[in-house]
Amino acid sequence: MATTPLSKAAGHGGHHEVKFNHLFGNLLALMALMGITIWASYVNFGNSTINNLIALLIASVKACLVIWIFMGVKFATPLTRLWVAVGFIVFILMFGILGDYATRRFEPTAGWELNRPNGGGTALPREWPPAKRPEQGAENFRPRL
Amino acid sequence: MSSIPIEKGLENSSPHQREQANYLTVDWSLKSWLTTGDHKRIGIMYLISISFFFLLGGISAGLIRYELTSPAGRVLESETYNKIFSAHGILMIFTFLVVAIPAVFGNFLLPLMIGARDLAFPRLNLMSWYLYMIGGTLILGGMINGGVDSGWTFYVPYSSMYANSNIALVIVGIFFGGFSSITTGINFIVTTHKMRAPGMTWFRLPLFVWAMYATSVVIILGTPVVAITLLLIVFERVFQLPIFSPELGGDPVLFQHLFWFYSHPAVYIMILPAFGIQSELIANFARKRIFGYHFVAFSTLAIAGLGFLVWGHHMFISSQSMYQGIVFSLISFLVAVPSAVKIFNWTATLYKGNIRLTSPMIYALSFIGLFTVGGLTGLFLGSLGTNVHLTNTYFIVAHFHYVMVGGSLTAFLGALHYWWPKMTGRLYSESLAKWNAVLVFVGFNLTFFPQFVMGWMGMPRRYHYYYFAPEYQPYHLMSTAGASVLALGLIIPGFYLLKSLANGPKASANPWGAHGLEWETASPPVTTNFEQTPIVMDEVYDFDPVLEHEQAQARKALEPTGYEGYEPGALAEPKKDESDLGGKS
Amino acid sequence: MLTNTPFSPPSASNFAAEYDFVFFLLLGLTIFFSVVVGIAVIFFTVRYRQGSKADRSRPIYEDLRLETTWSVIPLLLGLVMFFLGAKVFVDMKVPPKDAQEIFIIGKQWMWHVQHSNGVRENNTLHVPVGKPVKLTMISQDVIHAFYIPAFRVQMHVVPGRYTSMWFTPTKAGKYHLFCSMYCGTQHSEMGGTVVAMEPKAWANWIANGGESVPPMTLEQAGQKLYNNISCNNCHGADDNLRAPSLYGIWGKQRKLSNGTSVVADETYIRESILRPHNRLSSGYGPTMPIYEGKITEQDIPKLLTYIKAIGTPGGVPASSPTSLDAAALNGTGGTMTPFASNAIQYQENLKKRLDATPTTRRGNPAVNAIAAQEEGRQ
Amino acid sequence: MAAIADAHGHGHDEALHHQFEDMDQQNEAYLVGMWTFLVTEVMFFGTLFIIYTLYRSMYQMDWYLAHEALNIPMGGVNTIILLISSFTVAVAVRSAQRRERNLVLWNLGITLVCAVGFLGIKSVEYMEKFQHNLYPGPEFGRHPEYLHGAAPNFAQLYYGLYFGMTGLHAVHVIVGIIVIAYLWVKWFLNAKNVTLDYVPTEMVGLYWHFVDLVWIFLFPLMYLMPKP
């Protein structure tokens, strides 16, 4: 019994043997991609964002290769694939946190309209009343947005 | 529900032998408990340990209420008061609410409900209990040795740079507790996916299983975030590794983002299991299939999913960007809809039911009322404008107690009463339990309703003194009076439930005449749950109210005195051959 | 409306009416739905109790129309409530241009207030009725929250960054001021009174220096400090080799030496005073001395006000109506005491007066060490 | 879930646990369980990556200057080491499926050597940083020449995250070493629960691949910043 390969003993194809060449080819691809990453980080593309994007893109490709071949997701059941996907999806969801920081600079602020680089427009279209002072003590004298 | 008879093979054995077969009596030694892989035993161990932590949390709540009866405080120093309210929050949330229903009832019932012999990873399950105990011990250790005074929210930079208490140890405890949750979550997910009995399709799952599944998803996606975020505070306190420090250009608001990214879903970790229990109780005591099963199931998943998109509504005034606030407020209103759907569905289930007002059912009905109020007052806080005035006041305290205590704790008590005969094989005094359920409802409202008014009037939370604003005192007095009633309502079950262990009547396999695989095995169940793997042939909650009504009339004529509340004829062990009468064709 | 019931907080700001409308609308909804659900539950429970003779034939288990109805109606109601709430919120977030600016500094466990004419107060805030007031707030240690229930306003006060809120008091009186964000041992005692005064009375109050004699307006004090700590040696009227000019920079986009840019707002300018090397203006080296630990959080508003005045093109003069000092309102002109003899004297006096409740950063050696290290680097 | 009753009757399933019906169910349960665990790990490290992204976008230049003190060749060698170890683990899993005990032992052995080598190089790097006072705390920046002109505050934030992220990664490597060594001993002793069932080996393999995965992102983010 112990000599039979497990896959045959179980007799159901619950797992798939990966070809050795497959694994080795994957290793070579990963190495090559690593080389490209290092090389690309020294190249001046004119804008560092391009460098960042390239680095992240290559890292993502490498991650996919590891997940797909080394971790055997290529041969996994749909259920396993679902759970592989869920983690990364929610991780990307978390980047919503950065939306706060991206939009903070557009917060409306009093009195800067004229000095703003975009020519005086604030984030929200606003009209201020003429210099006429409202009755003191009046509620809600401020114009609606 | 048709399945292979359970006690097959045992029918010729003596009552003594039959008793030996159940999971409680299979081995008496302490070692057999501490090394068990049996999900039912682990559930019981959780029940005992969370009761202990709940007691501690309750005592601290009592101290807070007593202290606040006077505007200038009664017995405590401010520093002690802060430690007490922090202890109350941390114990109640991290060692009770997050854990309570999943770890006790999820552990006990999930495999029974889906017809599995055990959870997928029994040893992992045991490890989760040990992690929980280590975590709880560390939390308690931190509280005794130096205390923790940052509140359960651990806002930086107070918790990382200014607090002079033992925050690091408590956080490490919470970290362990988090891993306990994660292991439980992994276990439940895999069990629900892979261990269902033949014929148990997704849409034949009891709604409690759906709820546990959704909860587990939230647990495994959310808990790591808060674990690492809190760990960063420890790093800052111990290794001086700064991440959120404003002096270095870090942003304290980032901590709040990460904290609420978990802690808002954590609210759903606390309330989704309660929804599941609620569905079970309502369906089984209205003796009617839950109205809109699919809607309830999917709204559970919808809440779990949307729950990850609304963390920012805890931060409307914390200098988060206005635009982000608007987006979060909008999604918060969207997430209210699935909750509303559930409420309406439970109410609609009662229509044309065959309602028995047992103690679990009273808890279930009071859950509907309390959660409605708790959920609707949540809209005040999800609405941007009203949030500005109400947040950080007693309004928010009242709101989340309506959801957490009125929701989760009520459901927990309902579940405890409902499955107590299954877990222990004993029946408790039902009339006492009924009155107690009413007492809890009254005490709860008396405690927390005045806090809504107080919050609307502007009393900030976490205040020790309010001598400068004595107009709040009447509300505090009312609240404290209610708290003593509530405390009574929480202590009494301890007595009659324990008493039932000593001399309660023995329960039959299905004392409520309920529907579900867990009621098909003996009370208490045997170690492997089912003698043979059941095959599920029929739908979930397969009641027939009309037929049952007729049956009940007929039975009433035959035996007018049943053991109150329990299904007549399904009560006690000796009437074994009649025990099938209870509810099924 | 219901706002005058004994269960309500006083309504004393322009937001109160707008706010209370949304609140009571939501309250109505809450009561309505709770009552509907409660009555339904009780009615069904009684009518369909076990053994009752009610008709149970043809029960319904699924009904898509019903489900849709009670999904869509709450959704629509929710959207309406969202919109109303968001509108109030946006109003609260957009201060009017002519708002009177007051600086608030929160520290464990007191509020420090600096009016534009130099009047300072602790744990009280005097505001004029009928005049929009904008609070620019910063914390010196942990996160606090500035909360005035009667005005329906609340905002976190965060270390390292200025936050702001505004309101217009509408009713004279004394109101509670709370710190509503838990901030440590004496959190519950960190609060005081907001005094909304009739404009005349307020003008008198502020002209006479409130409870302390104002040495000079905030802007004048800022100018003095600016010269005393030698900002003027480098930051002149025009850009020079050593430093960029601060004239006309307020609210402008500034290019930084690291290629990014930033708006010159309160937070950035404060940061540039305390830790100038972190974000250098484009084209300048790290030559400016670090002022962290040398000037207090209370001094920074003075410099900010001054820099704002010189930084706004066309210049907002110190005593213009928009900065609303006493002279503008009661037409008599405020009395000023002679300037403090020198900067050291000035700062020492300030320290004595303001640090009545000193804050120690207890517990964390890291912070003390960082501070020590910053000093050591000088 | 084909088999209903008599699950324990199968002769060959000595590795089958009592709660499962058959090996098929058990294997997938374990793999899904491992993947759900890895999901939590993704979120765990993901949080740090979020913090990293935010602060890096805020302080690009200073972080670029601060990162110049890192040793890119060492980081590169470590990447190669981890990639190779990931490969050997994959081969070990393949061999476990084929029940080739010697191959499993060799490959796991190489993985162990690689893992220890990774830690060795990492500790050399750490030592260097400590000598240059580049660890967060009161001593940070004692030798300003190693900051390469970065603002000390933001550089400290960078090194806080550097030590936090690579430190947590190193903790995972240490756990990996322990687990792989344990597995190696099991294989060496011919323990039935690993030789009859390839899943324990595969689970360890998945864990180790994940450790590799984190480093694949850490290396470009920490070591290879472009000049903004």
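In order of appearance the chains are A, B, C and D, and numbering begins at 1 in each one.
FYI, a contact is a pair of C-beta atoms (placed from the backbone, for glycine too) under 8 Å apart; a residue touches a chain by one contact, two chains touch by 3 or more.
Note that the coordinates shown come from a computational prediction; the quantities given were computed from them, not determined experimentally.
**Student:** Is the C-beta contact count larger for A-D or for A-B?
**Tutor:** A-D
**Student:** By mean C-alpha coordinates, which chain is most distant from chain D?
**Tutor:** C
**Student:** How many angstrom lie between the centres of chain A and chain D, each centre taken as the mean Cα position?
**Tutor:** Computed from C-alpha means, the inter-chain centre distance equals 21 Å.
**Student:** Report, in whole Å, the distance between the mean C-alpha point of chain A and the mean C-alpha point of chain B.
**Tutor:** Whole-Å distance between the two chain centres: 35.
**Student:** Any idea how many Å lie between the Cα centroids of chain B and chain C?
**Tutor:** Here the centre of chain C sits 39 Å away from the centre of chain B.
**Student:** Distance from the CA centroid of chain C to that of chain D, rounded to the nearest Å?
**Tutor:** Each chain's C-alpha centroid was found; their separation is 46 Å.
**Student:** Can you list the chain C residues in contact with two or more other chains?
**Tutor:** Only 18, 87, 90-91, 93, 278, 365-366, 369-370 qualify.
**Student:** Touching two or more other chains, which residues of chain B qualify?
**Tutor:** Those would be 193, 221, 225, 240, 242, 247-249, 251, 253-254, 258, 322.
**Student:** If a residue has to touch 2 or more other chains to count, which residues of chain D qualify?
**Tutor:** Touching at least two other chains: 28, 32, 36, 39-40, 43, 46-47, 50, 54, 58-60, 137-138, 153-154, 228.
**Student:** Which bits of chain A are touching chain D when the two form their complex?
**Tutor:** Going through chain A, the ones touching chain D are 1-7, 9-10, 12, 14-15, 17-18, 20, 23-24, 26-27, 30-31, 34, 37-38, 41, 44, 48, 51-52, 55-56, 58-59, 62-63, 66-67, 69-72, 76-77, 79-80, 83-84, 86-88, 90-91, 94-95, 97-98, 101.
**Student:** How about chain A: which of its residues touch chain B in the complex?
**Tutor:** Touch residues, chain A against chain B: 79, 86-87, 90, 93-94, 96-97, 99-104, 106-108.
**Student:** Provide the residue numbers of chain D that touch chain C in the complex, in ascending order.
**Tutor:** Chain D residues touching chain C: 59-62, 137-141, 151-154, 228.
**Student:** Applying the document's contact rule, which stretches of chain B touch chain C when the two form their complex?
**Tutor:** 78-79, 82, 149-151, 153, 155, 157-158, 160-164, 236-237, 240, 242, 246-249, 251-253, 286-289, 291-295, 316-319, 322, 325-326, 329-330, 333-334, 336-337, 340-341, 343-345, 347-348, 350-357, 365, 368-369, 372-373, 376-377, 379-380, 382-389, 391-393, 453, 456-458, 460-466, 468-469, 545-546, 549, 552-553, 556
**Student:** Which positions of chain C touch chain D when the two form their complex?
**Tutor:** The contact residues of chain C facing chain D are 256-260, 275, 277-279, 365-366, 369-370, 372-373, 377.
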